[in-house]
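The first chain written gets the first letter, and so on, giving A, B and C; residue counts start at 1 in each chain.
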C-alpha cells in the first residue's frame, strides 16, 4: 500500500521527533531498547516481503536473524575487519535461505509452517551445541563494534542514529520493490497464484526471491545487532522469537511497510512498559494476538488506512 | 539394541497419541492445532495436581483429568474455532499458536517453572526377557494405545454418532444440509482431541518430568508424525509415531543425543521433499 | 495490427490433438481435437460438465491434460508451466473472477503488462535508468489496456472497489496487457445484464479487429451466436459438432445434447 503522507508538516514533525529522542532521554537502557526495536523493525520488514506480500508463512525469520548475528560475531571476534561482516552475513543467509527455500516453495501452508519451524529449531540446536564456536547457551560477549577505517559509533545515541539510517534505507528499498514489477508479482502470487501464473508471473521464482530478500534483511539486521548490542545468545533467535516476529507483522499490518515497523516497535516496547505484569504479560499478549486476528486481521495498518481512504474521498 | 526398540516404541506410542488427537480435530474442521502439545502439558499437570498435590488415587486422577481435558477442548473450540471459521489457514495457525502461549504461561503462573514428577498408574517389577527390560509403565503405554485405537475404531465405525462424525469430516456443508448436528460433532472432536493429548501427558510425565514448557517440542513431534503418516490418515499416524519414536531413540544413541529434537524435523523435511502429500497421502484435493 | 509476441508460424494458431483428461474414473476430456484459425472468434459451448473449462485449463496450463499434443502458434505447450505459456502469447480469464484484491486496478493490469520481462533485483535496488524505463513501459502498456476496455478512469481504485461486471472487464484488461495472440475467455458474460453483455460483445469485436484470436467459453448461447465465427460443441468430454453458428443451431446432435438431457440415463 502506498505510504500516503497527507501533510508535509506532519512528516517533518515525525522525523524531528525521531531524531530528537536521544536528546530527550539520557537513559542508555531506553535507547538500547529503542535500538533493539529498530533492529526488529528491519527484520519484520524483511518478513513482510515473504509473508505479507508473497503470502508464504515463515517461522524461520528468527533463525536468519541469528545466523547473521552469529556470523558477524564469529567473524569479527576472529579478527576480520568489520566491513566484511555484512557481506559474510548476507552470503550465509542467502545460502541458508536457498537450502530451505528451494525444496519447500511448493509446500502448502501447514507443511510450510512446520518446515520453517523445524528449520529454525535445527539452526538453534546447532548454535546451542556447537559450543567452541558459538559459545553455546551462554552466547558470545565482547563482540567488536562497527568500525570502518577505525571510525565507528560510540555510545548508544550514536548507534541509534546509525540504526535509524539503516531502517530508512531498508524502508526505501522495500518501497522501491513494492512499486516495481517484483513487488506486484509477489502480491499477485499471494492473492491468486493461478491468475498470477496465467499473467506471466513465475510464482515459484517470485516466492523464492521474496524468501531470500526477507532472509537478507534479517541477516543484515543480525549483523547490526551483534555489532551494536555486542552480546548475543541463542535465546534472542529462538522459535519463540520467530513467533513474536510473526505477531509483530500481524499486529502492525501484514503487507504494509508502515505496519511492519509500527508492529515491531510496539511489540518490542510493550513488554518493557508492561513489565509489572510479570508472567501475565505473555498470557495477555497471547489473548491480545487472538483478539487482533479475530477483530482486525489487517492490524494497525488497516485501522489507519480506513481513515486515510475516507479522507482522500475515494469511493 | 532390543532395548532401544522397546524404548523407541514406547516413546513412539506417545507421539502417536498426540498425532491422533491432532488428526481428530483436523479431520473434522480442517484446523491444525499448534497448541496440541500444550494440551498434553495441561493433562499432565492436572493429573499431577490430583494425584500428587491432593493425593487422590491414580484412577480418580485419571478420570478427573480426562473430564477436565474434555472441557478444555470445548473452551478451546469456542475461543478458536468459532471466531475463525472461514479465515485463511495462516491466521488459524497463528491463533492456535497464541493459545499455546496463553496455556503455557498460565501453567507457569499456576504451577511454576520447576519440573514435577507424576507416578505411573501401574506399579510393579519390570518384565525381563531376551535381554530386554520392559517396565510396567511401558507396557501400560502400549496397552493404552491399543485400547484407544480399538475404542476409536469402534466409535467411528460402529456407533451412530461416530458415523455422523465421519460424515462431518468428509463434507461439513453437506452434513449440515442433511441435518447432522454439526456443531455437536465438532464439539466432540475438540473434546476428544484434547482428552487424547491429556492422556498422552499422563503417560509422558512418569518418564520425563513435567514442566510447563514441555508442550512445544512434543506438540511439534505430533505434527511431524501427522506429516509422515499423511494428514488425515489415522493408521498412518500410528505407524508414523512408532517410526519417529524409533528414529529418535536410535539417533540419540548412535548419532548424538544433543540433536534429539532435530531428528523429527529432518525426517519430516525428507518425507515432504520426496512425498509432498505425506507417505500415505492425504485426502484433501486442490480445485482449480 | 496487434504486436505479436512470437512470430506466428502457422495459420492455425491453436492446434490441439487427442487432448485427454481424467479425474479418477471420470473422463472429463476424451481425445479432443481442436484447430483454431488465426484471427477468428471461436466459441466452445456445451451443457454443464461437458469439459469446457477443463479444456481451457489444459490449453492455458492451469491444469494439465493427461495426454495429447497442444500447439499454440506452432509451439508445443503440453505440460508447460502456465507462466511459460503466458509468455508465449496466450492469456485467459477465469470463470470465478480472480483479480488481485490487494492491488489497485492499474496494478492488477501491470502484473500482466510485465509479462515477458523478469525483474532484475539489481535494477530495482539502484532504481537505474533501465528500471525506470521498464516501469514506464509497463505503465504505458497497462494504461493502454485499461483504455481499450474502458476502465481507465478507475485506474487508481482498489480492485475490490469495482462492481461485478467491471471486475470481469478488469480480468480482460489484464489479459490484454500481456499482448496475447490468443485470448481464452471463460464465461465472460456470467452474471452480466443486457447492457453489460453488449459492452462485452463490443469489446470482443474490438479485440478481434486487433488480430487477437479469441476462444470463448460461454453459456449464453445467443450471445455466442452473435459474435462467433465458429462454434465447437462439447458433450461429456467429447466434441460432438463444429461449424458456423447457423450450422450448429440446426445440428440435431447439438439440440439433443441441450434439450435431450432428461431423456438420458446417468
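Please note the rule applied: a residue touches a chain if its C-beta (ideal position, glycine included) is under 8 Å from a C-beta of that chain, and two chains touch if they have at least 3 such contacts.
In this text, all values refer to a predicted model and were calculated from it rather than measured experimentally.
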| item | value |
| --- | --- |
| Most central chain, judged by mean C-alpha position against the global CA mean | A |
| From subunit B, the most remote chain by mean C-alpha position | C |
| Interchain centroid distance [CA atoms averaged], subunit A/subunit B, Å | 33 |
| Centre-to-centre distance between subunit C and subunit B (centres being mean Cα positions), rounded to whole Å | 48 |
| CA centroid of subunit A to CA centroid of subunit C, Å | 41 |
| Where subunit B touches two or more other chains, by residue | 288 |
| Contacts with 2+ other chains: residues of subunit A | 194 |
| Sequence positions of subunit C contacting 2 or more other chains | 62 |
| Touching residues (chain side subunit B, partner subunit A) in the complex | 32, 34, 79-80, 83-84, 87-91, 93-95, 97-102, 104-106, 108-109, 216, 220, 223-224, 227, 231, 258-259, 261-262, 264-266, 268-269, 272-273, 276, 288 |
| Complex contact set, residues of subunit C against subunit A | 60-62, 81-83, 86-87, 91-92, 94, 98-103, 107-108, 110-112, 114-119, 121, 124-125, 127, 131, 134-135, 138, 157-158, 161, 174-175, 178 |
| Touching residues on subunit A, where the partner in the complex is subunit B | 51, 55, 57, 103-104, 106-107, 109-111, 113-115, 117-119, 121-122, 125, 128-129, 194, 239, 243, 246-247, 250, 279-280, 282-283, 285-287, 289-290, 293-294, 297 |
| Contact set on subunit A toward subunit C in their complex | 173, 176-177, 179-182, 184-185, 187-188, 190-192, 194-203, 205, 209, 213, 255, 314-315 |
